[in-house]
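We just call them A, B, C and D in the order they show up, numbering each chain from 1.
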Amino acid sequence: MPDFRYPRRVQFAETDLAGIVHFSWMFRYMEEAEHALWRAAGLSVSVRGSEIGWPRVAAPFDFNSLLRSDDEFEDVVRLTEMRTPPALDAHTIVRGTTIIGTGTMTSVCVRYQDDGRMEISTVPDEVRNKLQGVLGDG
Amino acid sequence: MPDFRYPRRVQFAETDLAGIVHFSWMFRYMEEAEHALWRAAGLSVSVRGSEIGWPRVAAPFDFNSLLRSDDEFEDVVRLTEMRTPPALDAHTIVRGTTIIGTGTMTSVCVRYQDDGRMEISTVPDEVRNKLQGVLGDG
Amino acid sequence: MPDFRYPRRVQFAETDLAGIVHFSWMFRYMEEAEHALWRAAGLSVSVRGSEIGWPRVAAPFDFNSLLRSDDEFEDVVRLTEMRTPPALDAHTIVRGTTIIGTGTMTSVCVRYQDDGRMEISTVPDEVRNKLQGVLGDG
Amino acid sequence: MPDFRYPRRVQFAETDLAGIVHFSWMFRYMEEAEHALWRAAGLSVSVRGSEIGWPRVAAPFDFNSLLRSDDEFEDVVRLTEMRTPPALDAHTIVRGTTIIGTGTMTSVCVRYQDDGRMEISTVPDEVRNKLQGVLGDG
């Protein structure tokens, strides 16, 4: 089953005084790739007034190598679990054949209640089906 | 009439590979100071579901000197015009006696319409009075 | 003479609780476009150990309309003055035919001294010629 | 042995369109707290031209609850391993008695080589001793 590849270039403002990409950007790169995957599936996480949301539950990242300003890289995304909450995607950030790092993004699907609270919900069939249409069953 | 002083320390992640604070942070420092001033006046810009909002209209900044990681600085804020829209605050960012730069933040007060559009509105009396209670009439 | 167009999509993390792009991102969008223009000219601002740098002198921006998450937009860049310091580029950020805002980025070319200080310098001929090769004389 | 507590307030620009703090900020909060701990020990990670650096090796974070704009919170830091590389600090972000999340930051101490490469090094005695002076032996 195919992976989803998100190409990106490092921007100057993403570096720090050590001359490398600040580590916190890896988490934003993973989110950008995840959202690009959703768009490829005909979905969006940015629906205003949506009844459901996707807060993060866990976001580990292991750093193997460095990115520098202007570097071109890819985030290779694999969807690993959508059947029950949580929803999980695995990321490998690569520059050419060099692995920059690997991470996972675990979210839960929540349904907003009238009082503003969030209640954990199952992943809607439409979301699961459309994502699996892009990436397969995982 | 007194100025409002917002003390802050530069964080590592706010620097770039040139070893200095990335210029875009000056705009966030100005906003942090503006919101601290609002809190000092017993106000908040972060009210969820508020009927009014404060989008930016203009935000110029002139850079005189540099900030580096760990530097302690202050943003000195002066409120210059609240009677009619737009609302305007003038900022001078200083490190000790060195002027890092000067900027202004011009916002309008808008009232959200049922269809999501924003309509320009006058500054509510309560907001104007509370801010003038902290800073004077400008 | 041709403008340089930098296409971009709004990322989720660039929004704030008002549901729109945080105003500070306009300055990063302008920088991204400026650096893309430099790359198109065969130049880079990200050279480690470079003898010259380009600190900002002024960065005004006027906001006309809003960007929301997932919006596709372009930053249209025009180079307006490279002959003497400062170097200046004018930006118009558009979504389709809607003008989101206009700004300018004024930088000076500096030469790093042995003691770490920066001294204002003329724009190197190579830089000026390559940028004019992409954008014309301004 | 005492923990190190880093107090902080959520800034408006740290929220996203879901009305909560964007998850990527937890990693910056952890770094801010870590660097504040270093300053309390009389150390700095921001030394220009330093022979040593502290790149991240791993940065997991588990999210338990949410932060909103203007919230006051603390990052409670405990140093867990400094004797050999890697250096590791454990973080619990709390708002009052509510745990927002827990994370760890694992770094290695590297020594920059003449060719720009980094070589893993032991933690200098001075760094270890000063940090343990603040936090104890872990």
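Quick notes
Please note the rule applied: a residue touches a chain if its C-beta (ideal position, glycine included) is under 8 Å from a C-beta of that chain, and two chains touch if they have at least 3 such contacts.
Nothing here was measured: the structure is a model prediction, and the numbers come from that model.
Set against the C-alpha centre of chain A, every other chain centre is closer than that of B.
Compared on C-beta pairs in contact, B-C and B-D come out with B-C as the pair having more. Chain A and chain B have centres, each the mean of its CA atoms, that are 33 Å apart.
Chain B and chain C have Cα centroids lying 23 Å from one another. If each chain is reduced to the centroid of its CA atoms, chain B and chain D end up 28 Å from each other. Taken residue by residue, chain D touches two or more other chains at 12-13, 15, 17, 19-20, 24, 28, 31, 46, 48, 68-69, whereas all remaining positions touch fewer.
Interface of chain C with chain D (complex): residues 12-13, 15-17, 19-20, 22, 24, 48, 68-69, 116.
Across the complex, chain D meets chain B through its residues 11-13, 15, 19, 28, 31-32, 35, 39, 44-46, 48, 68-70. Contact residues on chain B toward chain C in their complex (touch as defined above): 17-18, 20, 23-24, 27-28, 31, 46, 48, 53, 55-63, 66.
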